[in-house]
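Presented sequentially are two complexes of chain A, the first with chain B as partner and the second with chain C.
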Partner chain A sequence: MTISPTIKKNYLQKLAEQNKRSDGRKFSDYRPVSIEPGVISKAEGSARVKIGNTQVVAGIKMVMGEPYPDTPDAGVMTTAAELIPLASPDFEAGPPRGNAIELARVVDRGIRESNVIDFEKLCLEPGEKIWVVFIDIHIIDYDGNLFDAASLAALAALYGARMPIERLEEEDRNAYIKKLDDFGIKPVEETVKNKAGDEEKVMSYYIPMREPPISCTSVKFNDVVVVDPSLDEEEIAEARLTVSTDSNGSIRAMQKGLNGSFTLEEIKKIIKDSLVTGDALRKQLNESAGR
Partner chain B sequence: MTKSTREIVIPSQYLGETSEFKAGRGTLIDHGKIYAKILGVLNKHPPYVNVVPLKGRYDPVEGDTIIGFVEQAMSSSWLADINAPYPALLHVSEVPWRVDFGETEKYLNTGDTIMAKILSVDVERKLNITLKDRNLYKIQGGHIITVGPSKVPRIIGKKGSMINLLKKYTRCRIFVGKNGRIWIDGEDLQVSNAVQAIRLIERESISYGLTDKVEELLKSLS
Partner chain C sequence: MKSDIELIDANGKRLDGRTNDQLRDVKIEAGVLHRADGSCYLEWGGNKVVVAVYGPREAIPRHTQDPLRAIVNARYNMAAFSVDDRKRPGPDRRSREISKVISEALEKVVLIDLYPRAAIDVNIEILDAEAGTRCAGLTAAGVALADAGIPMKDIPVGCAAGKIGAETKDGKVSGGHVVLDLGKEEDNFGDADLPIAISPRTDEILLLQMDGHLTVEEFNKAMELAMKGCHDVSKLQKDALINKYAADVEEVE
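== the complex of A and B ==
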């Protein structure tokens, strides 16, 4: 593990006392965000999200599978995150460690508990055949605030994810198309390039989605709370809180990290700031998805 | 020069004949021809032809002044992270203080920052550093940022032109370690201006006329 030098900590704390941050932002300012959907052509859906120098790529893969016994008529979603050594000297190759598992779980919970994916519509035959949605998150560059970047990338990738119905057997495909039709989901006609490089018209069904939850992370150090921590700020943080909110202003998921504590006022303030940031990010997400 | 950026070469790219040039750092010779060994910026300094790596960790060279973070205090030595592939060893005999056995933590502890010099690099790339020289000490106050070690020559500039420019405009004390760590001390606002200017140098290190761009930025900031 790389150590963070004491003088860096002192410098950030000194700046915080004067209501400043090392990159010139205000405490409640978010870094510039860029969302770039469709970066991997072989995936069902994908997106690259940059928050400052943090860079995350998410990919969606869908296969037919069996449902869980307790939810026989709902699709299944699994999330995995990979922290590759390329992104930061602190990440090591090998099976996922605690931080990668926490990241995947926070992203998973934000998406699952907000019901952003309409799982009932991902069922082909109750108890037998459903879609399994794999969300894979790869960290390309780590400069703080992976939670928000990963959630945003996963959502952006889901919005652009086209269901691979052509991989189903004909009988299943026709049955599923009929089912989607009953739900009122109509295909979108698109022109794509096939393997030979010729243009081809296809009927595309996208994953049925609802309103997205937007997660917003804040950290506390030296009795100040800052939104969207940079790597330096994350290194000296005492406590971390991630809040996922939806467009109604309801809280959909929360995750508290590290050893420190928050006061009630600080939590109220964080939720308030998260709503403001969430609105801006939701707008950008919808724009990038062309909705 | 008409080109706006320096030439980037890829490994195995032909660079010249041995009869014409001498193979410098980042190059290799095969059958009398010089090729690039690494991905980097081509730098022709007759008679030498060098390739400066675009990215990478610091490759320690004896005598370099560097900035290190103390990782661990042991009973008669310290281990320091100097941005190299391996930690560097600082023995109690290489510090200006008289340290009793087992009392190393009183002088330097985990998280402290030191300005040190590379004493030796052996064939196994084991590193020894020293604090026994002029201008070597434990750093207190100020701010530390890290850049790619390959950008250090650009931040210093020809005969220190760039670094002097930074010092002139920001009135900060700036020290650039060969390992890519930069220590800046001064007024808070000026420190953040200096950091912005260094980030600009880092981003555009392969373009020509960088000194003018940096001067422009510093003028607009102050």
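== the complex of A and C ==
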């Protein structure tokens, strides 16, 4: 560790001894979160999420593709994250490295394993045609806790993602609409403004989604555990724990990082706090999506 | 590429209702990012661009350093979700070229002699693309550089003009209207595109590209329109900076 992080560490530790954090929060306080869906007009779905100064944009694109041989009747999803040099003086241009890949994989797992997307309803013709859902996450401003920001942005973008059925051939489109109808999925009639500024009625089908688990990250330094670490806190953290919880109060995913350790008591406390935070964030996510 | 869309009607009204010398709506905000030394968010029609400036800082890798001056590294990058068909992440030949011409345009106005061996990194992210991203990117870069306090002779600004609605018969092009700031359909199905960037105090041209077909008269008309567009946008750039720093001044008072 070089000199300036050491000074920062001493400062944050001293504050922590007085039950304080550098931005005035309590240990269990999350920073203010804002979720703005539909910010990118070219994307099928998109969202900008801010957690304090951290800012992330996620966009969804959907294309017709071929399924994997082992799941011939299910849609496919891929997640990519870019730690672009715009977001931090320490991010470099070039292909994604360890951090970006870890971030994308953790977000991907959170969505995939919890079956948030109803993949079976994204199949047009088993073994032949399915939707491929691309989730691309752009980090715009980096001030810590990318895991939570990126997952929340990806979920918010998916919630508002409208399937581009007008791009299908007419025959495929009609067959798919019938299939969705059999599943009991009805279109939403919406009024949108077209290029000339006139109002137009369109039928929209949204990606079929289930209630998602919400991830909440805490870090530990100097025997203090704080929720939603800022960049300063992340830099001096000894251990990190991300807990994903669902609306039933169950735990759906956990990931510990860094070379420090937690006691069982600490973990129980983190889970308790994560449930509270998760509920608040889920409420905000649903509100932003108008549900 | 040709289409049956009528890009401009008999009254000179364009698809989106603009007249021939009208810009799309431009919105600029300075200092939007926490981490960057200087930043800017810009919306220009359907384009959404965010730019961050870092530096001057030591140029890395070392062999890129110039012992006599700073280098300006513009990096134009499109988000995968910014276009109709998903773009594969990472630089391609088009974005590398745009990065290069923007870097060169910016080096003309930045006082690079002040910072030997340094790099000034200008990261241009296109979040939503709808014709004219290089001008939008360069314009936002000008604001972000000023926001970062980088000494410059002027705040560079870009704008495009072009030609739409011409007829092609036996390989000969005739007719057409010279218009300011091409929209998406005009860019795709138009007859010529002329993006430029200038230093608005002196009207020096920092960037100029053209493709399509223009007579000399049409070129002169297009340049005149584009210059006027640049000057209009230049005012918005300055307003954005004043807005940001006026707020700071009030806080101090």
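Basically, the second predicted complex is superposed on the first by the 283 of 291 C-alpha atoms of A that agree within 3 Å, B and C clash if a C-alpha of one lies under 4 Å from a C-alpha of the other, contacts with A are read in each partner's own complex, and residues count from 1 in each chain.
FYI, a residue touches a chain if its C-beta (ideal position, glycine included) is under 8 Å from a C-beta of that chain, and two chains touch if they have at least 3 such contacts.
Keep in mind it's a predicted model, so treat the numbers as computed, not measured.
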Superposition on chain A - do chain B and chain C clash or fit: clash
First (chain B), second (chain C), both or neither touched by A:Lys201: neither
Partner chain(s) touched by A:Glu82 [first = chain B, second = chain C, both, neither]: second
Partner chain in contact with A:Lys178 - chain B first, chain C second, else both or neither: neither
Most chain A residues touched (candidates chain B, chain C): C
Steric overlap of chain B with chain C in the superposed model, located at which of 74-82, 92-100 or 200-208: 200-208
Complex interface listing, chain C residues touching chain A: 15-17, 33-36, 46, 48, 50-52, 54, 57, 75, 77, 79-86, 89-91, 121, 123, 125, 127-130
Touching residues on chain A, where the partner in the complex is chain C: 39-43, 46, 53, 55, 57, 59-61, 63, 80, 82, 84-89, 93, 95-96, 134, 136, 138, 140-143, 195-197
List of chain B residues in touch with chain A within their complex: 69-71, 81, 110-113, 139-144, 188, 191-192, 195-196
Chain B-facing residues of chain A, complex: 2-11, 14-15, 18, 20, 22, 24
